[in-house]
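One structure below.
Labels run A, B and C following the written order; every chain starts at residue 1.
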Amino acid sequence: MMRLPGPGVAASAAFLAVAVLAAARPSWLAADPLAADPLHVLEAPGAAHWFGTDQLGRDVFDRVVHGARHSLAIGLAATLIAVTAGVTLGVLAGLAHRYADEALTRGFDALSAFPLLLLALLFITIAGPGTAGLVGAIGIATLPHYARVVRAQTFVVRRAGYVTGAVAYGGTRLRLVARHVLPNVLGPVPVLAMIGLGEAVLAAAGLSFLGMGPQPPSPEWGAMLADGRNYLRIAWWASILPGVVVTLTVVSLTVVGRHLQHRFEGRDPR
Amino acid sequence: MSTLIRVEDLHVAFAAGRDRVEAVRGVGFTVAAGECVAIVGESGSGKSVTARTLVGLAGPGAEVRAATFEVNGRDARRYADRDWRRLRGGFAGLVLQDALVSLDPLRTVGAEIGEALLAHRRADTPERLLAEVHVPEPGRRARQYPHQLSGGLRQRALIASAIAARPPLLIADEPTTALDVTVQAQILALLAERRAAGEALLLISHDLAVVSRLADRVLVMKDGVIVESGPARELLAAARHPYTRKLVAAASLDRRAGPPVRDEVVLSAAGLRKDYGRHTAVGDVSFDVRRGEVLGVVGESGSGKSTVAHLILGLTTPTAGRVTLEGEPWSGVPERRRRPRRRRLQLISQDPLSSFDPRWTVRRIVGEALPRGDSPLPLLERVGLGAAVLDRYPRQLSGGQRQRVAIARALAPRPALIVCDEPVSALDVSVQAQILDLLADIRTTDGTALLFISHDLGVVHHLADRLLVMRDGRVVEQGPVDEVYARPRHEYTRELLAAVPTLEVSP
Amino acid sequence: MLRPVLRRVATGLVVLWAAATAAYLALLAAPGDTVDSIVGDGADTPQIRAQIIDEWGLDRPALVQYLDYLARAARGDLGRSYLLHRPVSAIVGEQVGPTLRLAVLAAALGIALALVLAVTTRRPWARRVSSAAELVLVSTPPFLIGIVLLSVFSFRLGLFPVSGDRGFAALVLPAVTLALPVAGVLTQVLRDGLDRALDEPFAVTARARGLREGAVLVRHALRHALLPAVTLVGWLFGILLGGAVIVEQVFGRPGLGQVTLAAVTAKDLPVVLAVVVLSALVYVVLNTAADLAYLIVDPRLRGSR
């Protein structure tokens, strides 16, 4: 039964589409994010400047649009690292014998014992601030989450009737893993990654806010917030509007992700 | 005699997404004080919803409509939540299927019974109530959690919590379904005792045989409608509705003797033993299965019958003893050498849904077991399915259809022996009979031997040539089915046979 | 009962050891000389270099260094800051107070808010509103919450001080900022748990006994809903500590977060390492405690009949 998504899901999907376009082709949507205009400093939102201008007279909307590239790319790259490593380790742990599994699982535990932000800060202390440090830090910090979920799922599938049964029908171990275990384990991963991407974008914004991300004058959402904070009393838009865009992005990713998750589960009950 | 419940033209509907599903469609009946009424039906017949509606617990979003709906002499259509609460426990006690989940697992059984007492301000104690339902050492048991009690004791504790406020009516929804036969007989005896003490009973069950001995009147429900009702005796002797006749037939299965068995051993187990740590799951089990023979393995939960199936299939390695398949060693052989011979030994399990890859269609599931290029259609037609199911996913099939697909897949490699592990336990009674008939046909025409594992002696009696009775991992008795049934030698076998519910009417 | 307790404690120790080792490996993996990493942007003279080599025992074999690091960490000796020229434990000890106050108040607020929301918003429209609010709270960066609260309550209404750590009033906005995302996540978890528990047969049985819906909710369902929430205690701590770094920055409060940020900026590795290892220690202790609490709440896990 095909069911139309609700208005919340549709709006979220539309927002994400715009965000992706902004990241891919920012110049289609906005002008130069670095163009300063000393005559129009800290102007309130209006027809000329939808999101107002910042302390250097730069258009906040243009900066938000161009910032999408940094913020989304950092989140995406970090999630990619986390998913690739997490899924590989998770499947290995789920298929491994008892002791190897135990060792890997304790490893995931140890890694998740560090609060995400602090682990990222340690990573940045060593590797230095900037985009690469941010990506690596968030990737490593969110890896255990995927590893755990995938390990648990591998465990379940491995013990499912159709896998033990397939042994009785005479399949080799490798064939079993390739035909039954992997497809059933990997199915939910993309949706999981989509919801996880929101978390990564949030973490990236937080670290940039602390000055650990792309260095000025690059427009990055978290960094813009930190910049505008000093003018909060007279120009709320310069910091709050970029923050709202971060929230909208994360909400949209979660809403669309959960929607897909429900659809997926509805199609494939276990 | 006063009337406790009177309903006429009762409808219960649920909102399911944008659709509306009518679970009960115009049901009418009465329950008088001290009477035992049974509602019998298969899954989805609306029997449980009917029972729960009587205490105002049809469920969230339920829409209840009725021409007459009198509970305790008052019009229940106008009941507010407060009125319902006074009735629940006080007028009617509810006993559900499995006490392991029907009692709060985080609280002691004493606390659960005490809660019912408190809700109705009764000056009774949990210990006394437990003693009343014949729980030994009630003082100690009251301080234990549900998972610490055996299935039978748990169910007794659940009944104790339902009768705590002395309701004149006890509604029991499948009260014995999760239990072993011998325990089931004890719980049924307890319910009979409650009834003798003057409580009215409303029994809900899928099993006609279970209720037939206890009920004054039986209502047969199908698809939300009562298709037939009457005194149990009349219903069994002369059912008018075809569906009732089908149920009666399914509950009193005739034996289907197979053709004479050739004296050619297909599989032989000698001195099989399996230890898990200090626990012995299976100890010293030996038997032979001959070509075209059906060997029944009967036992209650924990008897080791499923471990035997795993040992035979080579899914676990025996601690001692050996299995021989078609004259050659089977257990203790490296998996690589065993793999080509696996086709000779197939499995049909209780829950076919979990035994199919959820992403595969029926075509692929059955096709995989066939030589490359062979169409799965002839096999599916043989098990009574058509081309319509070919491109469906397992979850889109009914329970009976799934089990047919499982049989088709098991037949595909032309095995010498099929291990059937509780193959019909998850199915409705009327479907059970069809699947058993199909298995009987296969054995007759193909000469495939079956190792038929079940907790249900009636089902085994229908099909098996010989019988193996297991208890605590050991074989207590074995022999030809007719002989074991007619002259059981072991005490336990006698107990088992006596506990089997049969279609009998209370005198 | 003793076996599961010992097992969980042992697991905790193993995880702790692995975490300490991971942190140590991070130090080794740092590009360049270890001495360079430790010196960072601090004063760099031959004397200081010699002092570092001496203090960290960098002239000894790697394995000995590693074992020595573990032994000293176990004793609570986390090295010296080369920026502030003082033992790390003293620096952390001084600054842990304000952060702790903030975290405890935020946790209490968050948990209380979550409990109230999860239990009271059972009606369809209320839960829809609450669910949407939870989603927004969970998805909003904590610094945005802080900045919005600042601009409304401090700048516009002048109800609370803009920054600093003087008195309870200065603690309110930071604690609320930190508590809101926590409440968002916890409410979702509790609500799911309640929904699941209320669908269980034992809830039907409890209602059939004549219990009020409220009594079913509080006496039966809530305990079941709290079980999964208990396992989140380690996560909660991480969120609070990470959040504290940001919130202290937004509100200009002193505390562990400010120390950490200053250390990261100055590449004062011993301090960052100490904070990270310390947070892992607290995480593991909390998680082990939660596991043990599970044993108390859920009799099914206690094993033996």
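We adopt the following convention: contacts are C-beta pairs under 8 Å (C-beta built on N, C-alpha and C of every residue); 3 or more make two chains touch, one makes a residue touch a chain.
These numbers were taken from a predicted model, which means no experiment stands behind them.
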Chain located farthest away, centre of chain C as origin (C-alpha): B
Count the C-beta pairs in contact for every pair of chains, then give the pair with the highest total. A-C
Where the centres are mean C-alpha positions, what is the separation of chain B from chain C, in Å? 49
Cα centroid separation between chain A and chain C, in whole Å? 21
Chain A contact footprint on chain C (complex, rising order): 11, 14-16, 18-19, 21-23, 26-27, 29-31, 37, 40, 135-136, 138-144, 147-148, 150-151, 155, 234, 237-239, 241-243, 245-246, 249-250, 260-261, 263-265, 267, 269, 272-273, 275-276, 279-280, 283-284, 287
For chain C, which residues count as touching chain B in their complex? 200-202, 204-213, 219-220, 223-224, 297-300, 305
Chain B-facing residues of chain A, complex: 3, 160-162, 164-165, 167-170, 172, 179-180, 183-184, 187, 268-270
Touching chain C in the complex: which residues of chain B? 52, 55, 57, 81, 85-90, 92-94, 96-98, 101-107, 112, 115-116, 119-120, 145, 147-148, 158, 161-162, 164-165
In the complex, the residues of chain A that touch chain C are 106-107, 109-119, 121-127, 198, 202, 205-206, 209-212, 222, 225-226, 229, 232-233, 236, 239-240, 243-244, 246-247, 250-251, 254-255
